[in-house]
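Quick one: this structure, given as structure tokens, is what I'll be asking you about.
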Amino acid sequence: MVQNLFYFLSFLAVLSALMVILSKNPIHSVLYLILTFFTLSGHYILLNAQFLSIVNLIVYAGAIMVLFLFTIMFLNLKDDSFTGSRLFFHLGSGLVVFTLAGLIILKVATAPIAVADDAHFDSQIGMVENLGKVLYSKFLVPFELVSVLFLSAMVGAVMLGRREKGEKNF
Amino acid sequence: MNPLYLFVSPLVAAVLSWLAGKNGNLQKALTVLVFVGSLAVLYTWKQAAFVDASISLPWIHSFGIYLALAANPINFWFLVLTAIVVFAAQMYHSSKEEGAVRGDVMAMIFLLQVFLFGVFMAQDLMLFYFCYEATILPIYYISSRYGSPAAERATIKFFLYTLFGSLFMLLGILYMYNSTGAENFLISSFNPYYFSGSVQGWLFLAFFIAFAIKMPLFPFHSWQADVYAESPVESTMLMSGILLKMGVFGMLTIVIPLFPQGLKDYGYIFIGLSAFGVLYGALVAMVQYDIRKVLAYSSLSHVGLIGAGLLAYSDVALEGVVLQMFAHGVNIAGLFFVSEIIAKQTGTRDLDLMGGFTRASFGLTVLFFVFLLGSIAVPLTNGFPGEFKLLMGIFEYNIYLGILCGSTVILSSVYMLRLFQKTMLGKESGDYILSFQGVGAFRTVGLSLLVALVLLFGLFPGIISGVADTAVRTLLTAY
Amino acid sequence: MQALTNRSKRVSNKKLSLGERLYLPAVVGGLGITLKHFFKKKVTIQYPEEQRPMSEVYRGLHVLKRDEQGRERCTACGLCAVACPAEAISMTAAERQPGEENLYREEKYAAVYEINMLRCIFCGLCEEACPKSAIYLQSDKLAPSFYSRADVIYGKDRLVQSMETIKTAKSLKSGLTTSDRYVDKVWKNGKY
Amino acid sequence: MNQIPEIFRVIPVNNFVILAVVLFSIGILGVLTRRNAIIIFMSVELMLNAVNLLFVTFSSYKSDPTGQVFVFFIMAIAAAEVAVGLAIIVMIYRRIRSTDVSLLNNLKG
Amino acid sequence: MELYLFLAKGTIILLIFGITLLIATYSTYAERKVAGFIQDRLGPNRAGPWGIWQPLADAGKMFFKQDFIPARASKWLFIAGPSLAMLTACLTSCVIPFGDTLDLSFLGIEKPVAIQGIDVNIGILYVFGLVSLGVYGVMIGGWASNNKFSLLGAIRAASQNISYELAMSLSIIAIIMITGSLSVSEIIKDQDTFFKWNIFRQPVGFIIFIICAFAECNRTPFDLPECETELIGGYHTEYSSMKLGFYLFAEYINMFVSSAVISALYFGGYHFPGESIVAGLLPEGALGHNLMTLIGVGAFFGKILFFIFFFMWVRWTIARFRYDQLMNLGWKSLIPLAIANILVTGAVLLALPEIKGYISSL
Amino acid sequence: MLTITFLSLLGLVLLFLGFAGKVGLVKNLAALGVLASLGILLFANQDALVPAGMETQLLFDANSLKFSALILGFSVCIVMMSRSLVKKENVQAAEFLSVMIFSLVGALMLTAFTHMITLFVGLEILGISLYILAGTLKDSPSSNEAALKYLLMGAFATCLVLFGMAMLYGATGSLDFKEIAAVGNQSVDSVLFKLGIFFLLIGVLFKVSAAPFHFWSPDVYEGSPSIVMLYMSVVVKIASFAALFRIFGGYFHHLSYFWWGIVYYGCIASLLVGNLLALVQKSIKRQLAFSSISHTGYLLFAILVVNNEAIAGGLVFYLFAYGSALLVAFSVMNSWFESSENYQLDQLKGAAKADPVGATVLALSFLSMAGIPLTGGFFAKISMFAPAMGDGLYHLLIVGIVSSVIGAAYYFKPIMNVWFSTEEATIENATDMKWVAMVGGLVILITGLFPDTLTSILAMI
């Protein structure tokens, strides 16, 4: 049951991820990416990380991708097609990446990876209480510093995105 | 007397001459003052047998570099030559016509003098390297700024060439420092026993390439002719007269005492090349039409001889090296000096367009001829004893090489006399000769001084060898 | 400027106070008003079942009257057409033939009488103009809606009063509409 | 309470890692082959998500919350990055009326 | 007895789903009825007594209208838009506890069964997740229509939703801080007495939340995405037939869910004043408990219906905002206010034990 | 930690002052504030505000203090110089400066992280701020392009770093560098560990723009406003090298069998690529961009040598020498040209006639970058070469020397144009703050003649 679910989600994830980069229409790409995020959220639930799974949805699907969709609609982008002159480049990079990925996968497939045993296993780690405790005690400083990042990003996004006086285009 | 004096006085002079700007008289005064002062200091040292002539101050702790300077019998004549050639160059410049004198050129030459003194007196390898590299900058400045339009390209070539070589030297220095576990870079803290044979070989190559490019020895010479031809003559005089002696000096004080094994292992290759360079330089000089290039290739030929002598690794040869380098420095500076006067007057450097200069100034002809003779190494001129000893040393090393190098005796007279004939004799090709105003008093005195040196050391080579020979021999026998 | 009356409200651009800028009190007030209306009596008239009482002087659909004997009163004099501001009325006159006396009251009658209901503005001027009291606008009948342009033109077939109403009418006036009565009452009396 | 759930026993951790690697490579491929800046950026997001999956996987299998906290950070920062990134893309679009990176040739050596 | 549990749970889920749909359906009716009443009218009253079959008639009409897809539209997305809107709307209600637990031990189910789809410990986040996804339906539909007005409507919807989502979640955080749980049922359990209802503890948060809820549902005064005067129909300009119906329906479902969330978060959910008195009147044991639960469910639905009414009430009271006003309100007022609210709440939470200690020491 | 807090608050204050319209105050306060933060860094206990027992994931040890001091010191100058950008172009002072100051927070984090989370957050704070700064000139297409390219490549690199981190996490079950390093010893055979180190390294090399992962940097450098380019090649370079050094020169130093080869070839490639491509450039900014790649190569020496403790000082020295030279060069060129953001080599022709002081200082700074004696750059190179020599990295050193020569070739181009060109000067105005330029030149000379002054100052930190 769980296995089938895993394989189904994985299949869907890979398929939609592929479609992200293969779709000609950026809107379709966005939608496929959202689908990928959903499957990943599914995986997180499988992995007992409920909090992250829902945060993944809220942040990625709910905020980031909306922003993407928003921008694409805003810019009214046309289809982006693969041109012949770059075909070799595409094929080449595809080949290289897949070879490398294949090698890594072959290596990883059989690699022994240490996992927790019964005695050390704690099914509650993915729960929000637990994560919150870790986040607000051990990682408080980086967490606070992320706010600097946000402030900076906010200022920057406003600064760059703002239309200047006299600019005609939207 | 503190060796720092030799550092400080040109430095002060540099600042002063920068400030003096285009005031020719002030510049002349500075020139003479520094020249006389330097010679006086050197003389006192020699009289005191170099007892107090050393200093060692910690300079850069973090790298273990000392400001270690010392005058000694080996570098004494290099220092003297520095003073003389710098004097010659500055004399040329400061006595130029009104308005052509430049404060920055004078300052740069003085600065160069500082670094040259630094190179020759350095007892610390890093200090040596530091000054060795730094000498390029003033020369580069003068040549690029005041040379012909093609000079920029030529000087950058020169610059990169020498930088390339000296960086290998830097590597060598760093290697020595690291491999011996020395806490400092003092030359005295290294000796050849630290380095195994193969290491010595590598180190020899690293240092040799730096010095060979500087001199330049045959395969590394390709920067030379262009730079000599395109630079202002002051910088040509300095380069040919003294800068290339840094290479000789380096070979003498670093390569020969520290890497005797390396020299033995690889020297034979380069001695062959140098000897070939002697022939090559001479042959090329014979067919040149640019007066500077003739001198440039003659310099290549002579330096090839010096290089071969250095690599021959025998006491006779080394004594010859010291003699010859001094002679060559004086002669080539004088030759460039005079030839530039001629070229300025005729308005060209093309030998075919010159001729008959004798009619303009007989005195200058004589001066020129004496320098020529010195350069050809006619007996009783300063070129002779050095060349003789060098050839002796090379014959000892290998007879065929000796013969090859010996060709210089004949060939140099060929191209030098061709030069003389084309410039001084023959039919004048214009009325420029009649308008010749004479050399001027200051230049006359200066040139006479140089000529006097040519003759003095031709007649009494013992002045030099008396100071240097024993010291040079110890280089071979110290280890 | 001096206000002429004290009814006009002076507009001021003063800054809103904090309380006002919150808008919440105003919103709550608004909610109160709407809630009040929520419980108010509804004004809806459920039309087919309930009908709004018509005014006595309502000007509805036209009718061409007959007299007590059932004869058409119209003599095709054309005054109505002249009076019509919308030029909705047109007619063709014809002479009464012998034997038709029971059909037409006068010797001349309207062979064709048409009103274009799209043009008609129901102003009632035709009624006023008619010297024979032949045309009236009924107060209880509305002009129906149309589904085709052909329906728009009302001919005599649809305008002339039907005979049944004559029979039940007690008098000239009783067979008429409220409008008729009103007009008679107000100022047509003097004309006879 | 501390019993390992079924999934951790029946699915080896390697499967998740492989899935993440595959997604990551797809992301790289997207970055390399596409010319539309927005799609490149989306591929980067895909890569980030692959990384997130890795972290969550390891975190869960190793029963260590740090990994999940890290994912939380990545998500937060990715959001900021996207905000700035899209602002830049919009800026570019205003300039060249396209988001095609191959049209960006002002700067060439 | 797993089977019974499954059946019971399934029944509850189906029931919730059914009620959701039912309420949403009748919201359309209620909307028109309320509109009529507020405007001194009667509202629909033809289909059946008081017009109660009106929604069915509407649905029938929707089904049988021509299903039109614009020629240059992106076909699949055009269909996906309303479906997504509907899907996200429907999924939300499953974490809302409509009542306390039922004691079904007579069926052999030992554990009390909550009247709730699923009780996840991150329930409120789940709601937010789905609410934030709701915007996709609008955006995709608007974009796929290949119509400028639709696109503008969609973009407005997106930016509006994103903007107000922030303030909404921030206002919730204060509640989460008080309760210490993300689970909706925990939050409701925490408000067991009347004066512990969060409306009293978080009045500012409530106001922010309800304003945001209006914006999230695209209800007047924030119905900019579909404002007829500027954008014809906004994102659903090109839609017809049941696809349009889905959009409209989704809006009403959202309204229902919003009302439910508001009631749950701020108005004590299934708790009602005088609970203990009622409980005292009921018999002991399972029956009493179940009855109590059902009364609670009734109370909850009462609240929900009130808020649905409130939504409509506001709709017919307040005029539509201008777009810049909407954004200014969201970004410049609500978000700072929400943050301030969090800060104040935090400060009070920190200070409360001190104050209590001080008072008790007196 | 204290400095970081101070800087964050400073940025915030500047932002609000900017909203209030007090631009003049913002400009002054920014420089003063960064200076103050330098003071705080040097003289205050960094953990003063941290409650006892709290983990901050940041550790300001001697090295990080040095790097941080360098970062802040240079930043003071750059913030002061950026007044001209703000003056010239249509740039909002408050936003620009506050983003720059926020990026400093990231830079400081990169010098002091002990945990991958702080590393990552630092990288991103710095990175995102830089994407913004690169795009500051909204009217300039190249600036836009630079921002986009930087963004895409930066984000991509971040992904690689993260992938590496994830793999390391998988291999060791920890994200703390100390713990990873401790476990690392036993995981010689672990695929995940190898992959982790590999991707982490590749990602960081991307960030420091080492060849062959350098291709974004010339475009980005050239397109950015020159102040930002200066900032990137000075402050950001210091920060990213501090990070690289902290990871691979510090925590993972004993695991060099995993990563040494990559860095080695990356170093060689950077040296060659940077220098060779710089040779053919016509724009100074682009030339300096490529030269920055080559300097990355020299700096990578520090990662490669065994004695990482000893070379830390050298690394700091190199960064100081390079940074000060670049800073001086830019301050001169900045004052020479009123508007142009893209200095071409030809524009410099004959500048010495118009402004000899500026020209001298400019020449000095380029000499320093070339590593010619008399300037700080020389000892900087020595301090990289000497330890490498000690480790016997002869091939690397030879490449280093060859590339130094090539480097000298192109560093002399501007000098030649400035000093030796006979053409009339095209520069628009002479150095306005001569004393600043002269101080800069003096600093270069002093570091060249008496490097001990610098090393002893650094030793005090």
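Here the chain labels run A, B, C, D, E and F in written order, and each chain numbers its own residues starting at 1.
Basically, a residue touches a chain if its C-beta (ideal position, glycine included) is under 8 Å from a C-beta of that chain, and two chains touch if they have at least 3 such contacts.
Remember, it's a predicted structure, so these values are computed and weren't measured experimentally.
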Chain whose averaged C-alpha position falls nearest the assembly-wide average: F
Euclidean distance of C-alpha centroids - subunit B vs subunit E, Å: 95
Separation of mean Cα positions, subunit D and subunit B [Å, integer]: 66
Rounded Å distance, subunit B centre to subunit C centre (Cα mean): 127
Computed distance of Cα centres, subunit E from subunit A, in Å: 29
All pairs of touching chains, each written as two labels joined by a dash: A-D, A-E, A-F, B-F, C-E, D-F
Residues of subunit F touching subunit B in the complex: 313, 367, 372-374, 378-379, 382-383, 385-386, 389-390, 394, 397-398, 401-402, 404-405, 408-409, 412, 416, 419-420, 422, 450-452, 455-456
In the complex with subunit E, residue positions of subunit C that touch it: 24, 27, 30-31, 33-35, 37-44, 46
Residues of subunit A that touch subunit E when the two form their complex: 25, 27, 31, 34, 50-51, 54-55, 57-58, 61-63, 66-67, 69-70, 73-74, 76, 127-129
Interface residues, subunit E side, partner subunit C - complex: 34, 36-42, 45, 207, 313-314, 316-318
Subunit A to subunit F touching residues, read off their complex: 104, 107-108, 111, 113-114, 137-142, 145-149, 151-153, 155-160, 164
